[in-house]
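Shared between the two complexes below is subunit A, which has subunit B as its partner in the first and subunit C in the second.
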Partner chain A sequence: MSYKAPEELKNFQRIALGVGGIGTLALLIGGLISPEMREQALRSWLLGFVFWGGISIGSLGILLLQYLTGGAWGVIIRRIVEASSRTLTLVAVMFIPILLGASTIYEWTHPEKADETLKRILDHRAPYLNLPAWIARAVIYFGLWFLMVYLLNKWSKQMDETGDWKLLKKASQFSGPAMVFFVLLVSFASIDWVMTLDPHFYSTIWGFLFAAGWGLASYAFTIAVLAWLSTREPMNQVIGRRHFHDLGKLLLAFVMVWAYFNFSQFLIIWSGNLPEETFWYLERMEGGWGIIGVILIVFHFAFPFVVLLSRDVKRNARWLASIAIFIIVMRFVDLYYIIGPSPRVTLHGAKLSFSESISWMDFVGPLAVGGLWLWYFFGELQKRPLVPVNDPFLESAIEHGKSH
Partner chain B sequence: MSEKKLYGIMAEFDTPTELVDAARRVRDAGYTKTDAFSPFPIHEIDEALGIRRSILPFLVFGGGVLGLLTGLGLQYYTHVIDYPIIVGGRPHFSLPAFIPPAYELTILFASFTAVFGMLFLNGLPMPYHPVFNVPRFALASRDKFFLLIERRDPKFEYEETRKFMESLNPQEVFDVEE
Partner chain C sequence: MQDVKEFREQMQPAILEGKHDFATVSDKIGDITLKRKTPFHWFVGFAIAFLITQVLLMTITYLVLTGVGIWGNNQPVGWAFDIINFVWWIGIGHAGTLISAILLLLNQKWRTSINRFAEAMTLFAVACAGLFPLLHTGRPWLAYWLLPYPNTMGMWPQFRSPLMWDVFAVSTYATVSLLFWYVGLIPDFATLRDRAKSKVFKIIYGVLSWGWRGSARHWHRYEIAYLLLAGLSTPLVLSVHSIVSFDFSVSQLPGWHATIFPPYFVAGAIFAGFAMVLILSIPLRHWYNLKDFVTMTHLDYMGKIMLATGLIVCYGYAMEAFFGWYSAAQYEYFMIRNRIWEGPYWWSYWLLILCNGISIQLLWFKRFRQSEFWLFTISVIVSIGMWLERFVIIVTSLHRDFLPSSWAMYSPTIFDWSMFIGTIGFFFALFYLFVRFVPIISIFEVRTLLPEAHVHGHHQDFEEIVNEVEIEKIDKP
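After this line comes the complex of A and B, so read on.
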C-alpha cells in the first residue's frame, strides 16, 4: 500500500491560498488607512499568528510526546503532526510583520511615553524586556524549535527509506530532553509575544496556559484532519473506532489541563487580591469581556468535558471531530479574551471595552494567517506517506484500532 | 443427574476460536444466563455472548456529582451557616476557594464508586463458586476454555440444553452442581 494522501487536498490548498491571500491583502489595505487601523491590523495578525503558530508549535510538542509515550495513537497521528510541525518555516516568515511592527503594538517599546508607575515597571524590566533582546530571544526560540522539527522529521524520513528501527529509539531518546527545552521555550515565547502586550501584568503560570492551549489546539486540529482522512482512501483501511476512542481520551485530558491551569492562575490572583494583579481579571469581568469569560468556562471547559466523558462520542469519528472543531473555535475565543482587552499604543495605553475593541480585522486576521497556514500544511501533508510505513509498531497500531 | 442441586451445564473447549463460535451459537439460541472462562482475555467474547455494557460508568458519574455536591455543601455549611468567620476580607461564600476541595471530593467519590461499584457488580468478593465442583475447571487458568449455561436461565431445560451443548462440538460436557 502506498498511503498516498487523497487528491482532494490539492483543491483544499487552492481554496486556502485564496482565503489567505485575500485576507492578507484586506489587512494590508485596512492597515494603511490610519495609525489606529494599522495597530488593529497588526494586533489581528498577532491573534492569527498566536493561534496558527500555536498549532505548529503545539504539534511539535505532541510529536515529542508520542515518541516519549509510544502507543498506537502516536503512530497513527505521527504524519499529521509532522506535517503541522514543518509549517514552522511559514510561521517564522509570518512572524516578520510582528517583528517589524513591534513598536506599533507593544506599549513597552515606548518607555518615554509611560506614566510614573509604568515607567518604574519598565525601568525595572528593561534589562530583559528591550527590543534588541526581545528580537534575539525570538531568533533563539525559532532556532531551537527548527532544530527539533528538522531532526525528528529527518529521522522519520530515513526510517521510511531504510527501515532502520534504531532511528525510532534515537527519536525517543532525543524527545526526553527536547521536551524539557520545548516547554521552557513555549513559556518564554508566550510571555514575550502575548503577556507583554499588557506591560503591567505578570503571571508565572502564563507559559503553561499556552503549553496547554497550543497543545489542545493542535491536538484537536490533528483529530479533525484524521477524521476527514479516515473517510477516504487509503486511511479508511488504517483507522478504526478504537483509535478515535484513544485520541478522545487524551482530548478530554487536554481540556481538563487547560481548565486546571487557567483556574490556577485565577485562584492565585483572586486569593492574593493585590491590585497589581487583579486588574487583569477585573477588566476581563466587565461588560462584554465578562460574557466572553463565562462563555469560556461553559463552552471551553464544561461542555466539551461532559460530552467527552461519553464513550460513544469518543468512538464516533464524526462526533469526535465536531467536538474537536468546536474546541478549535473556543481556542480562538480564548486567545481573543487574552489579547483583546490589552492596552492600545495609539490610545496611549488606554483599554477598550468589548464592543469598541472588536473589529472586522479580528476575524480577517486569523483567516488570513489560517489560509496561508493551511495551504502550506496541506502541501506538507502530501509530501510523505500518511503513516510511518517502516515503523516497527505500525502493524500492531493498525490492528489495535480494529479490535474492541 | 445426582441428588444434589444442579447449578448449570458447562462445556470444555480446546481453543479460544471454538469458545467464541460456541458462545455465538449459545447467544443465538436465546440463552442469557451464560458465562465464559478463559486463561486470558478474549476481546470478542463480550459481543459473542451478547453481554450488555456495564452500568458502572453511570454510577461513577453519579458518584462524581454526589462528591461535588458534598464538597460544596460541606464548605457552605461550615463557612456560611455553622461557623462564619471572615478570612482575608473575603465573603463567607467564596466560590473560587471552594472549588479545589469540591474537585477533590468529586474525584474521591467517583473513584470509590468505580472500585466498590466494580466489586459489587461482579459479585465480589466471592470465595466459592459452583464451577469449582468440576475438577477439570482448574484448567481454565491454564489452557482450556469453558462455557456455562446456568440453570436459572429461563430457556434452561436439562435434557434439551445438555443435548444442545453436546452439539457445539466440545471436548466434554459437565453437569455443574451447586
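After this line comes the complex of A and C, so read on.
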C-alpha cells in the first residue's frame, strides 16, 4: 500500500491560502490607518502567531514525547505531527513582523517612557529584557527547534527509504535530551513573547502553562486531522476504534493538566493577594474578561472533561474530533484572555476596557495566520506516506487499533 | 540487518525472566511467606529496625510529657524538622500510588511485579508522615479538633487554610491507599490460605481473604472494584502533594510563594518515591531470589522515571532562581540571593543541587541504569537530596524574616534527630513484617504476564477484561 494522502487536501490548500492571503491583506490595510490600529494589527498577528506557531512547536513536543514513550498511538499519529512540526519554517517567517514591530507592542521596549515603579523594574531586568537580547534569544529558540525538527524528520524519511530500524532507536535516544531543551525553550519563548506583554507580571509556572497549552492544541489538532483521514483511503485501513480510545485518554489527561496548572497559578496568586501579581487576575475578573474567565473554566475544562470520561465518545472518531475542535477553539479563547487585556504601548501602558479592546482584527489575525499555516501544513502532509511504512512497530500498532 | 523480532525485543525487553508457569509463580512468591525458613538476615534487620522504633517511642513519650519545646523550632523558624519530615515521608509514598494506579490505567505491564511492595511502602510512609503534624499539635489526643464536627466550644476549622485541606487530603490518601492495597491482596491471601499447612495460618489468611473462591463472579466484581479504586487513586497522586505545596505557596513568604510549586512538588514526590522503591527492591530481589520477577528492565524503567521527575524538579529550581531575580521584587530577590550564596545556609542549597541535580545525570546512561550498585547509590543520594530540598525551602525561607531584627538561625536538637531517625526505623520495621507475612509480589497479577494467560494473543488491559466478563455474563446467564 502506498499510504498516499487523499487528493482533496489540494482543495483545502487552495481555500486556506485564499483565507490566509485575504486576512493578511486586511490586517496590513487596517494597520496603516493609525498608530493605534497598527498596534492592534500587530497584537492580533501575535495572537495568531502564538496560537498557530504553538501548534507547530507543540507538535514537535508530541513528536519527541511519542519517541520517548513508544506505543501504538505514536506510530499512528507520527506523520501528522511531523508535518505540523515542519511548518516551523513558515512560523519563523511569520515571526518577522513581530520582530520588526516589537517596539510597537511591547511596552518594555520603551523604558524611557515608563513611570517610576516600572522604570525601576525595567532597569533591574535590563540585562535580560532588552531588544538585542530578546532578538538573539528568538534566534536561539528557532535555531534549536529547527535542528530537532530537521533531524527527526530526516531520520524518519531515511527509515522509509532504507528500512533501517536502528534509526528509530536513534530518534528515541535523541528525544530524551531534546525534550529537556525543548521544555526550556518553550518556557523562555513563552515568557519573551507573551508574558512580557505585561511588563509587571511574572509567574514561575508560566512555561508549564504554555507547554501544556501548546501541547493540548497540537494534540487536539492532530486528532481532528486523523479523524478526517480515517474516513478516506488509505487511513481507513489503518485506524481502528482502539486508537481513538487511546488518543482520547491522552487528550483527557492534557485537558486535566492544563486545568491543573491554571488552577494552581490562580489559587496561589489569589491567596497571596500581593499587588505585584494579583492585578493580573483582578483585571481579568472584571466585566467581559470575567465572563471569558468563567467560559474557560466551564468550556475549556469542565465540559471536555466530563465528555471525555465517556468511553463511547473516545471510541467514536466523529465525536472525538468534534470535542478536539471544540478544545482548539477554547485554546484560542484562552490565549485571547491572556493577551487581550495587556497594556497598550500607544496608550503609554494604559489598558483598554473590555468593549474597547475587542477588535475585528483579533479574529482576522488568527484566521490570516491560520490560513497560511494550514496551506503549508496540508502541503507538507502530502509529501510523505501517512504512516511510517518501515517502522518495526507499525504492524502491531495497526493490529492494536483493531482489537476491541 | 537485524531481525525485526530481535529489534522489537531490544526496544521492549521482557519483564518476566526464566521459565515459569502458573504453579512456579505461586511457589516462588508464596513460599517466601509460607514455607521457607525465615532467613537469619531478616531477624537481624528486623531487630535493628525495631530497636530504632523504640527510640521513636521514647522521643514521643518525652515529647508528649514535655511539649514541642524540646524541638529546635524557634521564632522565626516556626516550622522545621516536623514539616520537613512530614513532606519527605508523604512524598515517598507517591511512587507507590503512581505505580499502582496510573501505570495500571496506562496499561504498563511492568508495574505488576513491583506494585505490591510499592503500595506497602506508601502505607508505611504515610503512617510515618502522619506522626509529625499530629505531634506538632502538642496535644495529639485533641487532634480530632481538626475535623469539622458540631461542638459546644464554638470551634470550626478554617477552611481557607491549606493545613485544613491537608487533613482531608492525607486522610483520604491513607484510606484509599489502604483499600487499594488490601483489595489487591484478597486473591493472594486466598492463595496462601489454600497452600498453608498450619491450621493457624489457614484461619488467619482465610479470614483475610473474605471467603474468596475465585469464581467468575468474584473476578468480575473484583476487577471492576480494582479499576474504580485505580481511578480514585489517580487524582490523589497529584492532589495530595499539590495541597502539601499549597501549605507553603499560598502564603506570602518569599521562597514559598511561587506558582510553580504544585507540579514541582508532585514531581519531587514521585522522584523521592522511586528512589525509595529502588532502595527497597534491590535488596529484596537478592535476598528472596526474585530476579525473575523484578528484572533489570524494571530497575532500568525506574531509573528513567527518576531521571525524568528529577529533571522536572531541577526545572523548578531554575525557574525559582530566574524569577527570584526577574521579579525585581525586593524580598524575592533577597531571598534567592540569600538562599544560593549570601546566606548562612548556602551550603545546603549546593548540597541539594549536587544530590538532586548532578547525581541523576548518570541515569542518562544505560550503563548506570543497568547497575544495581549505581542505582542504589543514586537512590540514597536522591533521598538525602529530597530531604535537603525541604530543608532549603523551609528553613532558609523562614530564618530571614522581613525585619532584620527578627532574624535567627535554626539548629535541630537531639530530639529532632531521634524523632526523624526513629520514623525511619519504624518504617523499616513495618516493612520487615510485611515481607514476612504478606506476599511481596502480586501472585495472581504476575500470572497474567505468563504466555498461557494470553488466550487472545495480545495483552489485555483491565477494561477489556471487565468488558469481556460482562459479555460472557450476558451470553450465559
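Convention: the second predicted complex is superposed on the first by the 404 of 404 C-alpha atoms of A that agree within 3 Å, B and C clash if a C-alpha of one lies under 4 Å from a C-alpha of the other, contacts with A are read in each partner's own complex, and residues count from 1 in each chain.
Going forward, a residue touches a chain if its C-beta (ideal position, glycine included) is under 8 Å from a C-beta of that chain, and two chains touch if they have at least 3 such contacts.
Keep in mind it's a predicted model, so treat the numbers as computed, not measured.
Annotation for the three-chain superposition on subunit A: subunit B and subunit C clash. In the superposition on chain A, A:7 makes contact with neither subunit B nor subunit C.
In the superposed model, A:271 makes contact with both subunit B and subunit C.
Once the two structures are overlaid, the count of subunit A residues touched is higher for C than for its counterpart among subunit B and subunit C. By the touch criterion defined above, A:399 reaches subunit C but does not reach subunit B.
Across the superposed pair, subunit B and subunit C both touch subunit A at residues 267, 271, 273, 311, 403-404. Contacts from subunit A toward subunit C in the complex involve residues 70, 120-121, 124-125, 128, 163-166, 168-169, 172, 176-177, 180, 183-184, 187, 202-208, 249, 260-261, 264-265, 267-269, 271-274, 276, 311, 392-393, 396, 399-400, 403-404.
Those residues of subunit C that touch subunit A in the complex are listed here as 1-2, 4, 7-8, 10-12, 105, 160, 238, 242, 246, 249-252, 257-263, 311, 315-316, 318-320, 323, 326-329, 364, 456, 458, 463-464, 467. Those residues of subunit A that touch subunit B in the complex are listed here as 263, 266-267, 270-271, 273, 309, 311, 403-404.
Residues 43-44, 46-47, 57, 61, 88-90, 96-97, 99-100 of subunit B touch subunit A in their complex.
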